[in-house]
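Mind having a look at this structure? Questions to follow.
All chains are identified by letter, namely A, B, C, D, E and F, in their written order; residue positions are counted from 1 within each chain.
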């Protein structure tokens, strides 16, 4: 039973790590292919969640099954899980803050855009006052 | 083991290359905020170089200082003072000053 | 045209500078001060440190800690580190000239950034000090220590300053005098830990050194290295190292928080309290 | 009194963080973790916890677990696949910023919705209007430009769970 | 062949370090803005620290100088063979110790310099060295 | 024991993943150098840090020296801090408000 659980943990972890590597590569190619800052934000999301969160969890799980590390395996796994937790809550906030700052200061505008409600509303507020 | 020493040296060389290119960009950037961001990237590259050199204590100290605090300090200074570095100055400004 | 010649002069100067430095480097390598590639054998001193810090068999030279860096930092080379801590203190004190007429006790702005950034930053500001404390408390067992934990804590307070406004910390009572007090408290703890054993030695009539950690044959007083606490087991605390790490953590975190709190005060406040022109 | 309850509520998560980060599990470490958690809670608890009663409610934790599993497996996989297709063929995209209203009460619920939106590739919250309870979302492949239609496609599931967890 | 690659790689790594030092020194000498000088000074000090750590590296390295597997309650007695094995694979700790304090002290000194720059700007209204010279001496700047 | 492949296979697979992450870091670095505007550079440094944080942990496992993994958490957190500064600088120029 214990062996079975360990094997499940191991295979889930290793699949997550390799999938994460592939996703990270795709995201980095996307960073170079997309033309605009706002589009690159989406590639960056793949890089942070698919290429950061999943492999971190995966390494944490894989390390738990490597017994040659002794008690230090809990150390590495703990660091991996904590990093994953912080990544899950801070990466979207960073993206949001950056996008908000860029849009407020009008450094880059989302072009081409089908519709830009934010610009419409900002202009409405400025016109009303 | 997967990481024999020559492979580690190649990685170290890669990160030092990152640092070199970013230092050059820092030097030539006219916009000081851009220079600050490039220097933060250079700090990330140095952090990885320190990891390659097996210095975990230094990594902990250097990431906080290099990426976190130098950037904050310089941005505070820039936001209090001026943002652009001028290559040429007008003589008229000098005379009046 | 002038632009072009300027850049040409720049490039030639750069080439000249790098040539000079490369010549220096070749000279260094040829005189074997540094070696390319890195040397295979240890230097004598590093071999001594690596084999003696956790050597239970030879207790007259050990530091009772598996962390070689921290034990060199606070035991073998401790006095130097104390001096460097005081240099750091003086640099922060020098920075306080910006706010000579600073009046605490009034409300500061707490505007901050957007709702999302504020909420997540609050969660992060609560969590990061825990990580910093873990790094500082395990300074003598795993990589880390007072400097590292202190800088991690300072980045947490920096995060609060940027995303929540400096009012978040100032209205909470993190005033200049209080942070300076914590900074000084850290230094006082370091000084008292450093001076405890000499005072005891003086009273007992035996020899002891400033920043002595473990027992030496010619200085037979020590802080001990393990404590047997009921229900918890035998705790390895490595003599002075854990106290000095904690004091340094306090000092560095308070000092850096203070430095960034002052530099981030809004412009009018700074002008009022600085009295510039 | 409220602050003491808030500190008590924070002890368990912070001690858990300390123990996981430290990676060595003994009674002494647990004790140190509790002490550190109490000190940190004393410093910052009243800023984080407004209603301490909600921390002790196991039903909210249960919904958080369900939501986390559902979100991290199914929703993320779908969204990743959508954007990977766009990276392979960037001509098919249809970007723009839409306005999405939200109807939850607390800050934490709103932040959960916003971060869930940003964490799924394809949608990023660009700005948030706290007074009118609206988010401005940059959407890489717009299907519906009206407010309610966009909400149905982007954030309705998140909102359902977020109100269960935090409201 | 292997030795050649090692020498080549290490020559490359040392030359990048030297190039960074040259770039920063050159930039500090020629760039007119004081904040730019400060940024380059920070990079220069970091590079010096990095060079110090690099000299402490060893051939069969990749083990930090920390004896692994010790916690507060679990601290077995390390015998001489374990210690010799550990010391055989660990890097040189002495440069790292020198650098740890140097980093934080460097930060404190830079914070101090940042304060000085803010005061300078409040007094003279510029941070460009040429304009500053003109304002302080009351004459025209560099001709 | 039979269910899990031998340790060498694990190290080979993890080494393959590490190669992918290093390759990705090169592409991110190209974006850092190219990035026309300031937010692009910051975003690229951000994702580069996340990528390298994962790389640090993989590296520490592959080199069989787990103590090197400590650098991952600070590297990731301070990248977030960098975002915050720059966003605040864009929005109002007054960082301590």
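Here is the rule we go by: a residue touches a chain if its C-beta (ideal position, glycine included) is under 8 Å from a C-beta of that chain, and two chains touch if they have at least 3 such contacts.
None of these values were measured; they are calculated from a predicted model.
By the document's definition of touch, common neighbours of chain C and chain E comprise A, B, D, F. Within the contact network of the assembly, the step distance from chain D to chain F comes to 2.
Between B-E and B-F, more C-beta contact pairs are found at B-E. For the pair chain A and chain E, the distance between C-alpha centroids works out to 31 Å. For this pair, chain A with chain F, the centres built from the Cα atoms lie 10 Å apart.
Centroid to centroid, with C-alpha atoms defining each point, chain C and chain F lie 25 Å apart. Rounded to whole angstrom units, the spacing between the C-alpha centres of chain C and chain D is 34. Residues of chain D in contact with at least two other chains: 17, 21-22, 24, 26-28, 32, 114-115, 125, 127. For chain B, the set of residues that touch two or more other chains comprises 3, 8-9, 50, 54, 56-57, 59-61, 64-65, 68-69, 72-73, 76-77, 80.
Shared contact sites, meaning residues of chain E that touch two or more other chains, fall at 6, 9-10, 19, 23, 26, 54, 56-57, 59-66, 68, 71-74, 90, 96, 100, 103-104, 107, 111, 114, 118. Looking at which chains touch one another, you get A-C, A-D, A-E, A-F, B-C, B-E, B-F, C-D, C-E, C-F, D-E, E-F. By the touch criterion given at the top, residues 68-69, 71, 74 of chain E touch chain A in their complex. Across the complex, chain C is touched by residues 6-7, 9-11, 14-15, 18-19, 21-23, 25-26, 30, 54-61, 64-68, 70-73, 75, 77-80, 83-84, 86-87, 90, 92-94, 96-97, 100-101, 103-105, 107-109, 111-112, 114-115, 118-119, 122-123 of chain E. Residues 1, 3-4, 7, 10, 13-14, 16-21, 23-28, 30-31, 34, 37-40, 42-44, 46-47, 50-51, 53-54, 57-58, 60-61, 64, 66-67, 69-70, 72-73, 76-77, 79-80, 83-84, 86-91 of chain F are the ones that touch chain A when the two sit in their complex.
Residue ranges of chain B in contact with chain F, taken from their complex: 1-3, 8, 11, 14, 18, 21-22, 25, 31, 33-34, 37-38, 40-41, 44, 47-48, 50-51, 54, 56, 59-60, 63-64, 67-68, 71-72, 75-76, 79. Taken in their complex, chain E has these residues touching chain B: 2, 5-6, 9-10, 12-13, 16-17, 19-20, 23-24, 26-27, 31-33, 35-36, 38-40, 42-43, 46, 49-50, 53-54, 56-57, 59-66, 90-91, 96, 99-100, 103-104, 106-107, 110-111, 114, 117-118, 121, 126-128, 130-131, 134-135, 140-141.
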